[in-house]
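Lettered A, B, C, D, E and F in written order, each chain numbered from 1.
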């Protein structure tokens, strides 16, 4: 194949930082990335992927954490004949010191392609492009330096958390602490796929849901509070003085008419109506804050479209306190996993199983009392069971 | 069985007009109703129906219009051993002169039980309780006097219309005229069940939908208009003068913020946003009226819950002019019937067939162009077909 | 042989003169008081309507009574509404009070009109029940009478409602009357699986039709191929009765188990909010003839909570949509049994996929 | 042998001192300008954050570049956001501008913050595409680069948006990244049925798994029992590729047919409106590497129409919900092909059961 | 259930005259059932064509044929079917063909 | 596809070492495949129990057994399975059992 890659080169131009530039930087050190650039050019020409299906490789003692990948034409692209990715689990909240990052970079330049994703969409550090032989040495060295693989296959995927208490004033629980604890507790389930299919846990500190837990985790914890939000009237005045249109931008957009301007003061006139949507808080962070009796709502079942269409998580536990050692939460999760593992068909996610067996059956199995908060509306059809 | 009917008698009491009183009036003339009262008492005692399943009886040349009914214990209740109902089609809008009504009463006292429903839920006059022998003579006499049977079985059911132009200022088309015309045109389909299942047509003159067409007809015509609603500012002033709270009751409840109070005047400030919901008109009938470029929206598919849950009709044709001889409407209906009849399984209503084959397939078959008005939202799943 | 296919009488022949003259040319109307409306035509002509309640199940003499009133005051014309109410139409204002008097003398209440603030309750759309139907899991006329005796004041306008409120009843899941979009619906429901008579099955039923009739695929052919019948999987059957509709050999009526469910929050009109389905709020109340006290009390209670809490002009479903179902259950103090959570085909869309909810 | 199950590093060891000190005790924040935030703790301590754009697919040298900046200005600490953006954290206000300068020198834009009126566009959540995945119906990194070059001004705040706007991309229907709730989502889609290699099938695939994988039940066993393979009903296949995911013998990539669809109107946060799904508005645009002009122009156009028409603070989906989809199609001048009308499992709930709609 | 004499046999029928002992059906039974249906007797060739069609269909599929198919396959107008069997395909022809009483759809 | 020598035969395998000619599988092939898996060779009784279980299940149902069932039915802890087959049930045991490469779920 021609060494020229005009189409790929085109993407070095333009204001947005270029992945092609990154490829070329890595290609200076790694022949595999030289080939990778050519593979990308070939894809552009042929408008098709140049990678073979699947691949099952890994490291000893683990069932997940590596995605096997082989190129379609190894003769032409011998340096990416085998070009697997390793998923390295991240510190909660994606906080790093530069020492740790440099360590990873060095290990990866030594054993792999020098290309990475910071991060993958689940949240792992993706080390992109490794031969089969180098997998175990890479892992061994990572492990020595205190890094471990993330999830893949039918396991618990690397749990993630929003930055939460690390930098955010709205965190209603310790997202980072919880997720780190869960990750450590369920290493077995993370590294050795035991389930019918993948499962995901994500935690956001408040209803803004900055890790999109509600959209992409089978078990979603989202911070909330049970008492009233707190308003600082002096700060309200500051906003008003700065000509911030509280009525139009805040009050009028409250979904429940819970908050009102009363003689220049912003008052939660109907505290029982507030659904803690965060809107007023978001727009006036200096003046409004969540309450102090905080915890989380647990929702279950989010997933991508295949097979029955995408699913958002739905309310299971309206409120739970989130405090170490998180026993209640873990017990609940284990009960859910037990039911899913026992009843789920291969490649059936939790939501799909709930839909197949019915939410009432699920609630019964995991021993959770029904409540109206679980539904937008009760059923319209008259098709229900007794006994 | 005891002749005493204490439970039934209890329902003679109370302020609301009593059907028991009616039964007793008829029982004076008709032995069958004497038995009927006892049957009702028995039902109350046993908390169960006392009627046998089904029955297939009718009049010559027709396949529908009569519901066969036999009592479970003819020995005990010989006078209702056979106790069929006849469905007599009503004049559009349920308008009568007393002559016609008296004629029906006389015929029915002569041949039947003297008990009726004015009307049945579909809209027919229900003559309740006839022996098998008397069916044909009753029909013959009704027919002689210009009455005909309504629908039953897998046919076109008696179409109905709201009072519309007969008494309502909001009728956007001649509901009564259209329904009478359709009824006359499709006598064959009404009297001789040709379809996989029942099918219903109802017409309401405006979006208030006073015959509940959208909830209970496979083919629903609902009046609407294409231009702007009309406002009489003098009349608006009258409402305001009478301390009618226009802002709170009308403006604030417009679903699209299309109408506003501007300096005491009520103005359709965003005519293109008005979705013709009727709310403002309903509340201020003296001041606001529909536009003048009127016609109907055609929606399809409403039905009761069984088998896949209840269905409301959905938009098929956003706007159509409704004028005699209604050719376009009839052609459309015939095309739909043809598709349904050809593809529908036994006992599969139109909506169910649409759901099974897909709305896109339906539109293609009946040659109707898709438009956004047909849906609340486009699909969320990525599962669509090409070619 | 007699003529067939004559069709119904032409409605035009049935119209009073004032309507013939002003057909399609009405200008506005007013509700003068509960049950009394005035419609004014472009021409200036006026039409007065008096609306009365009716039990739907009536004798020929009842109709003749109505005819007498119509002959006396309405030039021999009257009509019925889509909710069974007879309406007396006259261009003469002075006839209104006499008509009301006559109707009251006949024991018929005048009312049932209005919408928005101060609306009356209209008549109950209902079905046959034990008076005539084979499938009825509850009665119709009896329970409606019991209900309306208790809700009478709402009909005649002594008590009013925040907005139009439609009460409906069906005696089985076929829901004749299509009451699935009513503010309050009472629905007869079985709670036991069908009792199969294998003998009858052979002669009376089409097996493939029976199998196809089941919404939850609970029915399959009898495992013994010699028995031309079916069996029902009791874990899948939710007692809908559709198999019985197509097959007399599968009755499911049961004195203990039969009763009604209560649905609320539906609407049909497109005013303000689009039409909505009614939703199950009480999955089961027993049949307790002749007055069904549990049902009557529950419905009345829901009416009262609604009247006390909704804003003016807010229909039941609009109110609930605004305050949330959790609030509805709180205010009504109704329990929230698991049956209310959907597990049928579109169940997924009823689940709450947000952290937005109220603590109640 | 090396240790296993060590787990990820404890995040606490990675936190800068100011965070350790004020962990969980933040009071409020301000966005000082695009890409720059100040968080203030109860203690009064301040934390400045500078957020930069990143292509996600980066070399180790890129990371080292970031480390250099962090070492210089942030005591050796940094983090990444849930949308791939590196963030530089410092208690020192005076470090902000130098950080920005260094980043710009590295070619990295600063921005991507904000919500409500004047929000920036943040980074594009995306997937592997032709760089690494076997299933990709379109590329990821290439098309994202082409998009962001064009939407650059929205990231750095030269152009602003009415509210938070999340752009995402997935290269096949697996939708890694779970982009189904994005304001704008670009999704790689096949449009041809799989091409079955019956030979390979035998050795490589589990037939029952393959059959079960199909959402529309288009797959059945090969009619010839001697052939251990399957056939696809082409009237039922909608090219989702799930069979390929479980079986290499069913590739469906096709240079002509592959391309992308555009979805709009989704959101994740619970602010104001509950989370919403994105909806298909353009069912197919061709793959036209390296710059995908059709896709870029369509997305840009949608951004512009949104920016011109939505109210301040209104997310894409909230705006569309308010004005109606018919208005969206009118304003964007996008056609409404039949593919946009749902015919999958919950299709019924997407149909319009009301006469409420706009003439546009 | 009442019994009646058809083709010389005692056969159980229901209130609507549908036989309850399907195994006893025969051409002769059909002719006798047809007698009950005014204008059906004696059965013409077309009567038989229809009855046989219905019966064959029922034996094959276990259900009565849909009306549309019944007309199409036999090239009968629906009106003509009602002329032959005034009670129509369900109450008339199916009864003569010895099928279970069509239910439900009324 | 590359070929390799297993139990004296030339057998096609894929990049991950899964045999592509399922009919050629035999106990001997299994033993040879096991050699590739460090710590699996020689196959112990428990190795065989697991491999046979997987193979029997596959022949019966056409799919590999779910991990939960595999552990439950053989009374093996998952951890122990990984001790026997360090690459795990899918990449290790299924390969030795001659199954198609488990796909999709990665």
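As a convention for this text, a residue touches a chain if its C-beta (ideal position, glycine included) is under 8 Å from a C-beta of that chain, and two chains touch if they have at least 3 such contacts.
Note that the structure is predicted; figures quoted are calculated from it, not measured.
If you compare A-F with D-F, the chain pair joined by more contacting C-beta pairs is A-F. Using CA-based centroids throughout, the chain positioned farthest away from chain A is E. Look at where the CA atoms of chain B average out and do the same for chain E: the two points lie 33 Å apart. Put simply, the C-alpha centre of chain C and that of chain F have 65 angstrom between them.
In this assembly, the C-alpha centroid of chain A lies 12 Å from the C-alpha centroid of chain D.
Averaged Cα coordinates give chain B a centre that lies 48 Å from the centre of chain D.
Of all residues in chain A, those that touch two or more other chains are 52-54, 60-62, 67, 188, 207, 209, 214, 222, 255, 276-277, 305, 309-310, 312, 346-347, 380-383. Listed for chain E are residues 63, 101, 103-104, each touching two or more other chains.
Shown for chain D are the residues that touch two or more other chains, namely 173, 180, 209, 213, 215, 240, 245-246, 248, 270, 275, 277, 344-346, 348-349, 353-356. Pairwise chain contacts in this structure: A-B, A-C, A-D, A-F, B-C, B-D, B-E, C-D, C-E, D-F.
Interface residues of chain A facing chain F in the complex, by the touch rule stated above, are 52-58, 60-64, 67-68, 70, 82, 132, 152-154, 188, 192-198, 341-342, 346-347. Interface residues of chain F facing chain A in the complex, by the touch rule stated above, are 15-16, 18, 38, 63, 66-68, 71, 78-79, 82, 86-91, 101-106.
Of all residues in chain C, only 270, 274-275, 345-346, 348-349, 353-356 touch chain D in the complex they form.
Of all the residues in chain D, the ones that touch chain B in their complex are 173, 180, 187, 189, 191, 215-216, 238-240, 257, 261, 263, 265, 277-281, 283-284, 323-326, 328-329, 336-344, 347-360.
By the touch criterion stated above, chain A contacts chain D in their complex at residues 7-8, 10-11, 13-23, 25-26, 36, 39-40, 43-44, 46-54, 60-62, 67, 69, 83, 85, 89-102, 104-106, 108-109, 114-119, 121, 123, 128-129, 139-140, 143-144, 146-148, 150, 158, 160, 162-163, 165-169, 171, 174, 176, 180, 183-184, 187-188, 191, 207-212, 214-216, 222, 249, 253-255, 276-279, 282-283, 285-286, 289, 302-310, 312, 345-347.
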